[in-house]
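Okay, got some structures for you below.
Note that chain A is present in both complexes that follow, paired respectively with chain B and with chain C.
Right, the complex of A and B next:
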């Protein structure tokens, strides 16, 4: 565990070098919030009305929360880095190091995520207050618990991204798989809560990783209750275990196939 | 003068042809990139299906208008990235001193440094025509649509040249340039009528998405000479501005004596 904490610490310090670049890069978060603020403004002809159980303020806070978490993780980079490691043979050097490759990527990614979350989350909360006012039925403990579930949900997301990256052992380019995955997650759960999807697929979505990754934590953020918190935590624990096992299995099967020529 | 232009077109055509042939070496990866990009773009239609299930008209935009908007946005993105990828990496070439290789060649520096092929962008291009087909294709529409995509694509490339050329004066601006080119793409996929007057001014100046997507959309739906003149005038200004800014910046360029092999 100590070695992973050390990797976390090193990567966190490394991230500090890119504060300016990260802040400029995060302008797109403000832009997407601005676009959806305008779009929902037209859809909610009466700001007090509810659409699929959500008020205008709840919808904007929902998107603000999911988009902030999404902006803190560069899934595309995780997939690309692992693909590069596999393609250029760097993975062979990683295999004989005294750490587990999956845990190494997890520690590295989480250092970067923590750094970004510490900047973006307070900024997003301030932005939300300026644009639409208070979080509906604000409850400090509820918000903190929702943020913790958001972090656990992000861990599920990272494990799925690592699994997709590891598919490079078996196919030339895993990036297209990530494009589809990221867009499904973006549309279902990030931009729209599950209630906005066709009724026929809603029960399936409520048992899918989307519930654990973004919908559950964001719903808690805008409408907190303890029964729902327990459901979200149970699904997160299950999906964390399932995807950790899957990721390790894909890695073990992949390294058996590896064939590195010289170097 | 005419011979020079002819040579320029010839070298652009040949460079692109060989770059495509190089990418096609791995046919499976190339086709996967194209197909998955089409699927990736198609997932965004789900956003609009959800939006239009709430209201059937978003400030003058029907679902058919959105299909054409996405067709033009995706097509111009396809044209620009499929053939001129280098324009989006120009700031790195400037700060890393990689323009040296183009400066010693007896051909146009700007054209050579912006050429480059992105396989997945051919998926964007194909997707544009799929949407045109769905929204109702006629020979007239097909021709006008193709001309608008070519012009819009060129304006997109020129805006990227302007953003990236800031590196001549400001140093490392890759994050800023990426954000600004991202703004063009992002704004271009939402109805312009949801934004206020200030944002509309930006669309005709600093983020010239009006000349890439919105004015071409108006021309495609309801042709009128005023829009055509606005498009031709605005596009010409951006193209001329891109050349002036790049060459003014090039005078400040200094080599980094970087030794690399270009294969």
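Right, the complex of A and C next:
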């Protein structure tokens, strides 16, 4: 465990040097929120009305929450880095060191994520207050619990990204798979809550990783209640275990027939 | 006690062959052609504790492939490996605590971190305590003279500095066996000499077993008492350095400066390497002709200066490489 804490610490310190470029990069979040603000403003002709159970304020805070988490994780980079490690055989050179590659990537990614979240989340909350006012039914404990589920949900997302990256063991290019994955997640759960999807697929979605990853935590953030919290936590624990096992299995199978470059 | 035991180790690579041009590329999508290369073929040897062994051979002989299998980076197709009694296939993690590896052509350090942070990191992954790590870093810093750049990110180091850090880092866990794949590649003679003396000292003081590949005859001659030569994936020679020199040293080179021009032709046991009138260079095969007869051919009265030398090790080795082509 100590080794992974060390990786976390080192990578965290390391990411401090990129603070400026990260802040500049996340200015786009303001633009995105501004666009959705206008879009939903148009759809909610009456600001008091509800669409699929969400008020206008809830909707904007929902997107703000999911977009903030999404901006703190560079899924494409995770997939690309792992693919490179697999393709050039680097991953094999890490095999004869006593640490687990999956845990290494997790610690590294989480260091980066923590650093970004510490900057972006307060910024997003301030931004939300300026643009649309208070979080609906605000209660501090609920808000903190929702943020914790948001972090757990991100962990599910990262594990899925790692598995996609590891698919490079078996295929030429894993990037298209990630592209599809990221678009699905963006539309379902990030920009639109599950209630906005066609009714027939809603039950499926409610048992899918999307429930654990972004929909569940964001819904808690705008409409907190303990029953829902328990549901979200249960699905997160299950998906964390499932995907942790899957990534490790894919890794184990992959390294057996890896082709290390000559030299 | 044997710390490395290898028996009938084999590895075959399968790689896609692509035809020429667009037509070839399209063809290879539908009907991929594969070429198999027997990179390592039934290799067997043992290495004793504390030995320094040179594992040499021409490019593509299978040296790196063998080292990768010994250290658990590649899975062998066939054969048995026991490193300190452990099978790298089954006990990779356990073995990792006991060995160190350096690949001259592949950085294992995290290039965005400083050497110091790398040492801390690798110390941590070997479950060392903080004070143990600090103590070891001090030791390695002195041994490898890293003071100047221990806090510079690895990506900004020169090749020589980086390799010094790589070797130092591979020693952080006090390995019992050190595997070095071309550790002195691309280094200047002074740094090479330094690294050799570091390795030598470590072997002497800590009894670390060293298994090394190199194309630099200096590394081999100065460090190793034993040589294993591999060619086309098979071991062609496994002997002490002394025997290698003794058995293959049946040739002498005579370099002579003459007062007058003399006429000399190739004959049994004599090969003219250079004949520039007054300056002569001939190779004598001692199995065919003894050295005094050879000197007599030159007419000793006319010699101004003479130099008789052994065939350099480099040539002995390249002769062996060529013979087994």
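To be clear about the criterion, the second predicted complex is superposed on the first by the 262 of 263 C-alpha atoms of A that agree within 3 Å, B and C clash if a C-alpha of one lies under 4 Å from a C-alpha of the other, contacts with A are read in each partner's own complex, and residues count from 1 in each chain.
Everything that follows uses one rule, which is that contacts are C-beta pairs under 8 Å (C-beta built on N, C-alpha and C of every residue); 3 or more make two chains touch, one makes a residue touch a chain.
Not measured: the values here are computed from a predicted model.
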Practice prompt. Following the overlay on chain A, give me a clash-or-fit verdict for chain B and chain C.
Written response: fit
Discussion item. Per the contact definition in the header, classify A:31: touching chain B only (first), chain C only (second), both, or neither.
Written reply: first
Worksheet entry | chain B versus chain C as contact partner of A:138, first or second or both or neither | neither
Worksheet item: Which holds for A:2: it touches chain B only (first), chain C only (second), both, or neither?
Response: second
Worksheet item: From the CA centre of chain A, what is the angle out to the CA centres of chain B and chain C, nearest 10°?
Response: 80
Worksheet, complete the sentence: Max touched-residue count on chain A (chain B vs chain C) belongs to chain B
Item to complete: Using the touch definition from the top, say if A:21 reaches chain B (first), chain C (second), both or neither.
Response: first
Discussion item. For A:10, using the defined touch cut-off, is the partner it touches chain B, chain C, both, or neither? Pick first, second, both or neither.
Written reply: second
Item to complete: Could you look at A:176 and tell me whether it touches chain B, chain C, both or neither (first, second, both, neither)?
Response: first
Discussion item. For A:95 in the superposed arrangement: first (chain B), second (chain C), both or neither?
Written reply: second
Response to the item:
Smallest inter-chain Cα gap (chain B/chain C, superposed on A) in whole Å equals 6
Discussion item. So in the complex, the part of chain B that touches chain A is made up of which residues?
Written reply: 26, 28-29, 32-33, 35-37, 39-40, 43-44, 46-47, 50-51, 54-55, 58-59, 120, 172, 174-176, 178-179, 182-183, 186-187, 190, 194-195
Discussion item. Help me check something: in the complex, which residues belonging to chain C touch chain A?
Written reply: 13, 60, 64-65, 68, 71-75, 88, 92-93, 95-97, 99, 101, 103, 105-106, 108, 112-113, 117, 120-122, 124-127, 181
Practice prompt. Under the touch definition given earlier, write down the residues of chain A that touch chain C in their complex.
Written response: 2-3, 6-7, 10, 14, 90, 92-93, 95-99, 256-260, 262-263
Response to the item:
The chain A residues in contact with chain B across the complex are 20-22, 24-25, 27-28, 31-32, 35, 38-39, 41-43, 51, 171-173, 175-177, 179-180, 183-184, 186-188, 191-192, 196-197
